[in-house]
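Below are two complexes that have chain A in common, paired first with chain B and then with chain C.
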Partner chain A sequence: MRGTLRIVFLLLGLGVLVVAPLGQGNYVIYLLCSWLIFTIAAMGLNLTLGYAGQISLAQASFMAIGAYTTAIVTLAGWPWVVGMLLGVVECLIVGLLLGFPALRVKGHFLAFVTLAFNVLVFLVSRNEEWLTGGIYGLSGMPRPSVLGFSTMKQLPFYYFTLFVFVVFAALMYGIIRSPWGRAFKALRENPIRAESLGVDTRRLTLLAFAIGSAGGGLAGALVSPLVQYIDPTSFAFGHSLRILLMVVVGGSGYFFGPMLGAAIVILMPEFLRFTEGYYLMIYAVLVIVLMVYCPSGLIGLGAKLRDLVRRKPVERGDLKAGAQL
Partner chain B sequence: MSEFLQVVLSGLATGSIYALAAIGFTLVWQAAQTVNFAQGEFVMLPAFFVLIALNWLGWPLWAALAFGLVISVLVLGLLFKKLVVEPMLPNTGLPLIIATMAVAILLKEGAKEFYGAEAQPYPALFPHTTLSVGGAVVSIQDILNILVSLSVVLALTLFLDRTRTGRCIQATAQNPAVAEILGVKTRRMVLYTFLINAALAALASMLISPVYLAKFSNGETLGIVAFIAAIVGGFNQIRGALVGGLLIGVLDNLTATYVTTTYRAALPLVLLIVIILWRPQGLLGTSEGRQV
Partner chain C sequence: MPPVLTVRDLSKAFGAIRAVDGVSFDVHPGEILGLIGPNGSGKSTLFNCILGQLAPDTGRVEVNGRDVSGRRACDLNKLGVGRTFQQLSVFPQMTVLDNIIVAGQEHRGTMIGRLFGAPDAGLTAEADRMIEFFRLSHLRDEMAGSLSYGQQKLVDAAMAFMAGPSLVLLDEPAGGVNLTMLANLKDRLVAYNREHATTFVVIEHNMEFVMALCSRIIVLAEGRVIAEGTPEEIRSNQTVIDAYLGG
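Moving on, here comes the complex of A and B:
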């Protein structure tokens, strides 16, 4: 029963996503596209942070790697798919390498290492003009054509993004439900116990980092043809912070958390236009309040409210979840 | 050789200011388990308080500086502790990190909206004259910056080592539970730490703003430098943060002069990654036990 209900809701949600852009202006469709793209990046980070419990402040730099690779490849006349695959594979490899510090250091230190990595990528993309165009960036990337249909117009490109998004989300769902996903959670909740139960924590930490980073790469590969202009500032450290906030505000460790979080970060400025420059300040205050009252994010808040209304089964004290994130 | 001396000296001058920010960061990290991602903004903001007193209220410079210090201690010390950190305890960790990041955004946007987005000229505290020592041109400002920062660090070390309150703060940092049992008012000690951090940040702000100008986005670079200095030096001691700050100041200047200007910002980052991988406890740190 719950299973069928879930499928009905998923199909409804998908239906809404399909009809959402119809009859809308180019700008709204552009916003929806960037929402989907940032959701992909945030879902990747959610795997690293929410499921495996490793803080990464470098998601924007993986978007940079994906975006620049796709831009360079498509500008050279190759199809988008080649650039995307190349970008994702690069991110997997770099993610693996960056994951090694994660094996030695935890928590805050990891945050600093990834932060440093993000700034390094920014510096390289700014300084290596022969490759990345320096501060002028790269522009005029063609949009991909699928089975002979061009996606140069905004609406077809939206459906293209939606398709990639659905495939990626299904993949993520599969990973989370797989033994890997369960092992990731074990790693987050209690690494020592996970290890003692035979989970290879070394391999899993690296894997979580690599897969999460690949999500960033995929998002970057979509940004490139959407905006058709990329420069170093679009992937600066502030954007990693934005993606991190998407995950945390939505609810880290919840599958739908990043979608909600990305919607808030991308779409809320549009609704708060009237507040002009104060938007970010309002947002910051809301984040602080949320962190104080409900560190598990908006979805966690929803779950809390639901538990208030619904009679909950008595929990056995000794079976309660272990360490909280 | 004289050029080398000049470069090292001005590196030490900026480095000693970085050290102030790094020491405050270390103190709060150790005594309150709060990793303050807004430390850079804490150094950016006090300069604006001073500017407000100078330009909006028309106060003289010394009064403006005092105003800046007091307001900083109240806002960045007391309010930060009471409104952001305290409600989150004992839930430190990721939520607190995220909250301090939000504080960083709030302070940055606040400075931009309420004062201005352009870099603001900031009055020099010391004369701009230079001395010639053995062929090297030495700026008085650099020398005084070093002297002021180092004497503050020295005073702080003496306070922590020699006074009863200072030792209580150290005890709180090392083991809050035992300190509490021994009758240390740990909550008050943690509050003192936050106040000291705010004062250090205010001082760093007043010293560095004549060089960098007061700009709302200054916090980004200053924050990263403060983290790196704290970690590179050995985050569990004041000495470590001091050495880390000076080292980064000097290395940064040397790279910019002799190696490359485009990648000068990369050096501290590479240093950070290498240190974390090779010696996570920092150059002077000990792997276990915490000290203030």
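Moving on, here comes the complex of A and C:
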């Protein structure tokens, strides 16, 4: 029954995503594309942080690697898919290498290591003009053609992004539901215990960084044709914090958390525009209130409300045994 | 039969303090060996050196005749060594069932095979049997973190046995557990030992528990073995009475 309901809700959600851009202007479709793309980046970070418990403040730098690689490859006349694959593989390898410090340092020390990496990627993209165009960035990247159909217009590009998003979400769901997902959670909750149960925590930590970073790379590969102009500021440290905010606000360690979080971070400011100069303040206060009263994010808030509505009586299993004393 | 566990001249110092000082002993198949001693006698350090969580300064550890000195805890587990911890060490935000499955899944196939295999690694039925054996069936789908202390200790023990180890090291399994749970735990450990001939090494301060459970006891004081024998011999050993049991 629960499985059937889940499939029905998934199909409904997919249906909403298919009809959402119909009749909308270019800007709204652009926002929906941004939401899907940042959700991909946030889902990658959710695996590293939410499931495996490894803090990373470098997700924007992996978007940069994916975006610049795709831009350079497509500007050279190669198809988008080649640039995307190259960017994702680069991020897998670089993410794996970034995972090595995580074997030695934890918590805020690891956060600083990843922050430094983000700064390093920013400096490379700003200073290596011959490759990245420096502060002027790269522009004019073509949008991909799929089976002969151009995605140059906003609506086809939205459906193209939606397709990539669905494929990536299915892959992530497969990983999280597999024994790997269980091992990632074990690593997050008690690495010493996990190791004593045969979980190779070193290999798993590296994998968490590699797969999560690849998500960032894929998001970057989609940003490049979406905006058709990238420069170093598009992937500065502040953007890594934004992606982190998406994961935490949505619900870290929940599959649908990043989707909700990205919606809040990208779409909510648009809904608050009527408040003019106050929208950022209102937005900040809402985030503070949410984090104070529900640190497990919007999904956690939903679970709390559900428990309030239908309280489940909990039987203490040890009472019967105690009565026999 | 050759010993399941052989420890030879194992030493570990922290600065000037020799926590474990030239300890040697053998543990035979199917035996339940107790390791007792006052606080600071080196029991947990000895465990951690055997289990690869601390690197010993000198000495050798063999499991089933294979030198495992310096091997990582995950490799030891694959060689058939399970353990429980002094502190609660379940995965609190996972269900009891998932706690038990994760304890067995790393023994199923290759890492890549597990990614493409069944979500439960084909272990649900086996995990259910283990849950039933430890009388936790009514808690199967509860989050492990929501259970009582004693129930979590039982889950911890079930996790240690899930991969079918030949040797299990239990670090203070009775610590903080109420009398009812303690009787249940002892009963389950004895039953498991009888059914599977699994070898246990138990660190414990609860003398009643350890004397009733173990067939042989080693007493440590200041990192050294000061006595070894059956529970009756240990009870009447004057050195042990002076150093640990009291008059």
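The definition used in the following text is that the second predicted complex is superposed on the first by the 312 of 325 C-alpha atoms of A that agree within 3 Å, B and C clash if a C-alpha of one lies under 4 Å from a C-alpha of the other, contacts with A are read in each partner's own complex, and residues count from 1 in each chain.
Criterion: a contact is a pair of C-beta atoms (placed from the backbone, for glycine too) under 8 Å apart; a residue touches a chain by one contact, two chains touch by 3 or more.
Here the structure is a predicted model, which is why all the values come from computation and not from measurement.
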Chain B versus chain C as contact partner of A:T233, first or second or both or neither: neither
First (chain B), second (chain C), both or neither touched by A:R104: first
Chain B versus chain C as contact partner of A:S139, first or second or both or neither: neither
Which of chain B and chain C A:G277 touches, first, second, both or neither: first
Touching partner for A:I55 - first (chain B), second (chain C), both, neither: first
First (chain B), second (chain C), both or neither touched by A:V248: first
Interface residues of chain A shared between complexes with chain B and chain C: 324-325
Complex contacts: residues of chain A adjacent to chain B: 49, 55, 100-101, 104-105, 107-109, 111-113, 115-117, 119-120, 123, 126-127, 237-238, 241, 244-245, 248, 252, 277-278, 280-281, 283-285, 287-288, 291-292, 295, 324-325
Chain A partner contacts - residues on chain C that touch it in the complex: 51, 53, 72-74, 77-78, 82-83, 85, 89-94, 98, 101-103, 105-108, 111, 114-117, 119-121, 138-139, 146-148, 150-151, 159, 162-163, 178-181, 184
Chain B - residues contacting chain A, complex: 35, 84, 87-88, 91, 93-99, 101-103, 105-106, 109-110, 112-113, 220, 224, 227-228, 231, 262-263, 265-266, 269-270, 272-273, 276-277, 280
Interface residues, chain A side, partner chain C - complex: 174-175, 177-180, 182-183, 185-186, 189-190, 192-201, 203, 253, 314-318, 321-322, 324-325
